[in-house]
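Shared chain: chain A. Partners: chain B in the first complex, chain C in the second.
After this line comes the complex of A and B, so read on.
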């Protein structure tokens, strides 16, 4: 397996990133804060007003290292890419598959099944671990509902139906999400998903983690030569990385949601890490973002066994492996797409 | 590059594993890594002292080679000119491998040189970087025939645009394209079908802890 390289996240406003031989140097007000050898880095992610020298951009383009620009709140702004990489035959197969409603449905169905299975696992696990019988009962109910949805997913006749079942599973899941929270439950109360903007701390935390994960999924798609905008489950829309979102779907709960819960339940993220704007929009503050990024990086380094490959690997490589498995399906090497199932 | 031209390196890849050849030359999977590594290694070799070279022998490094007849293109690490007679030398970093892969590529280089210069190229050598030894290779009619045949097979394979199935044997351990090839996955249909069928199966609520 190829190596999981670090992502350098630059969050300090006005930081200047420059190339110094084979290292990146991060300077703040003329002072070197950090120096990292380039060969340790797979990607560079900058939040807000971070300056990058042209030499850094050229070098990253040469090496195929992605440079991602986000706004201060972590919303995606731009990705700077080198020459088009990958394989036109693979892309052509991807386009052909997306034009074939049967193949699209088969791939999308497996993705949703993976998502529902994984969500169900974290719900069951929380139900087992809680001491509160009422929480446990609520979560067990959700797990049962998810099991029922899974059966429906298998029979979905078209994409619309499938998306409906997926939405239903998500709604059920988020309806009892707060029962998995053990600390500061009055603050960390989630009443359904809210986005653009998130309107409570859990939503803010989840949204931020999803941004980080999506960036990794898009990079994984591009890394194996797939077009990140051509998705199967997610509708095609200009500017939307539909395939990145597809790859993320089965991993949301495994990587992002479980991490969100861990951060809250271990009190690594607390109410002081959030700001509420007039009108009710909630976001992480600078300290909160830093805390989450560090935890996310650590989570990516954790080793797990990939059930299909029967191989140990860091969590951060899962999106890459899944993108590769999908590429193999599209090129006719594999019969069906196998999502990552957490055990 | 012309659609029909085949890289000289494809011969070696094809001889080692047709799927590896297809992954590199058709799928272009992870080829950047492979080629950058190769390129870098080649540059390092430029400074290698060539103790074996005799006086009066002209040495050309990274010499572009081609054959219109075979539709081949590529580069030779080193071509020595013994008088008018070209003598290709291919550098290999690793320890000695099965020689047929190397010999095939070297012979193809010789056939290019013959077409380019009009001179007969009867012999060449493989230089093993680790042992610092040369092994001389004679370009026999059998070997030449093998080159012709491989070129035809590669052309057919590339034109078909389909990947040969993965082999998943001892070769895979030394292959740099494992990530892309996924040999352990692509040739285990039964196991994967089981995975696919379990995808919609609801597990019992009692789960073992991870």
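After this line comes the complex of A and C, so read on.
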């Protein structure tokens, strides 16, 4: 198992990232702000107007370190990857599995089951922790509905039906998401999920966290030599990292949503961290983004026990472990895909 | 593992100055400067061997000294810092 490498996030506009021997140096207005040895870094993520020297790009491509470009609001723009490597036989097995509708359904079903189960866990936990009996009742209702969906998931006859159950679970979950918020409820009110653009602060916060998490899931798929665009639950579309989205599905609630709630409920993220743009789009401002990135990176370092492997590991390694489990299923070493289930 | 690299390079002659620069650069490639000729590096076993090899290659064993210590971990517990320029932890979130 490899060590969890750090990710360098460059959010300062006009920052210049250059290669200095085996280190990266970040300069802002000619002044060195940070110098990091390359061996600590697994990825480089740049927000908006950040300059990268050609030497940095070449070196990262050589070492297989991914470089991700996002716009100022954290929307994905591009990813720079070196030559395709990894295991061609594994990728062939992946293509064969996706062409086999039975195998696709089995894998997708386990992913959805994992997702619904994990969502149910955070809902139940919030229901236990709240002092308000009305909130608790609403959340318990949702948990019950999710339990029912979980039973239906097993009976799904095809992918469309399965996606329908998944959508239904997500809709139920987001309908009562606001009941899990304890601070600033008037501002942090979620009226259904909205994206492209997000139309309220919670949606903006969730979208931003999902972008960070998706980047890690795509990197995990690539890390074990899988093709991140060939997914099972998510339909194939040009440029869409369907497998990254698949891997992310069961981790959305465990990593992103729980973190969003913690940040709000501990008042680490407050209404002043958001800006509303003309047209009703809401996004995090510079301070808000930094706060969230730091919290996300810290969350990735927390230790958690993987229920299947019964081994302690940092949260940030979970996507990598899950990608490895999936690779084993595709190779035929493992009967069925085991999603990550939070306790 | 956390290692501490310290060195004295004889710089009376020009080639000494060159060696000094080279040693400092190798240290920077693996870690961070905490004092003038003192670096802290967080490396795995393989990188540790690479670091040692690169350092020994730079110095002149007849004139210079090089000492590499393995630090006791967790570092926060066994290393105290006073004064300016505290070191940074490359494992912490890196956001600029």
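The rule we apply is simple: the second predicted complex is superposed on the first by the 343 of 343 C-alpha atoms of A that agree within 3 Å, B and C clash if a C-alpha of one lies under 4 Å from a C-alpha of the other, contacts with A are read in each partner's own complex, and residues count from 1 in each chain.
The rule is simple: a residue touches a chain if its C-beta (ideal position, glycine included) is under 8 Å from a C-beta of that chain, and two chains touch if they have at least 3 such contacts.
Note that the coordinates shown come from a computational prediction; the quantities given were computed from them, not determined experimentally.
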Exercise for review: State whether chain B and chain C clash or fit side by side on chain A once the two structures are superposed.
Suggested key: fit
Practice item. Go through the superposed model and pick first if A:149 touches only chain B, second if only chain C, both, or neither. Key: neither
**Study point:** Partner chain(s) touched by A:307 [first = chain B, second = chain C, both, neither]
**Key:** first
Review point. Regarding the shared-chain residue A:34, is it in contact with chain B (first), chain C (second), both, or neither?
Key: second
Review point. So, does A:9 touch the first partner chain B, the second partner chain C, both, or neither?
Key: second
Check your understanding: Smallest separation in Å between any Cα of chain B and any Cα of chain C in the superposed model?
Key -> 7
Point to revise | chain A contact footprint on chain C (complex, rising order) | key: 25, 28-32, 41-44, 47, 90-96
Point to revise | Touching residues on chain A, where the partner in the complex is chain C | key: 3, 6-12, 15, 20-23, 26, 28, 33-41, 290, 293-294, 296-298, 301
Study note, to complete from the structure: Touching chain B in the complex, chain A uses residues 1-2, 64, 85-87, 89-90, 110, 113-114, 117, 120-121, 124-125, 128, 140, 143, 147, 150-151, 153-154, 224-225, 307-311, 324-325, 328, 331-336, 338-339, 341, 343
Practice item. Would you tell me which residues of chain B are touching chain A in their complex? Key: 26-29, 32, 161-163, 165-166, 178-180, 182, 184-186, 189, 192-193, 195-196, 199-200, 202, 205, 207, 210
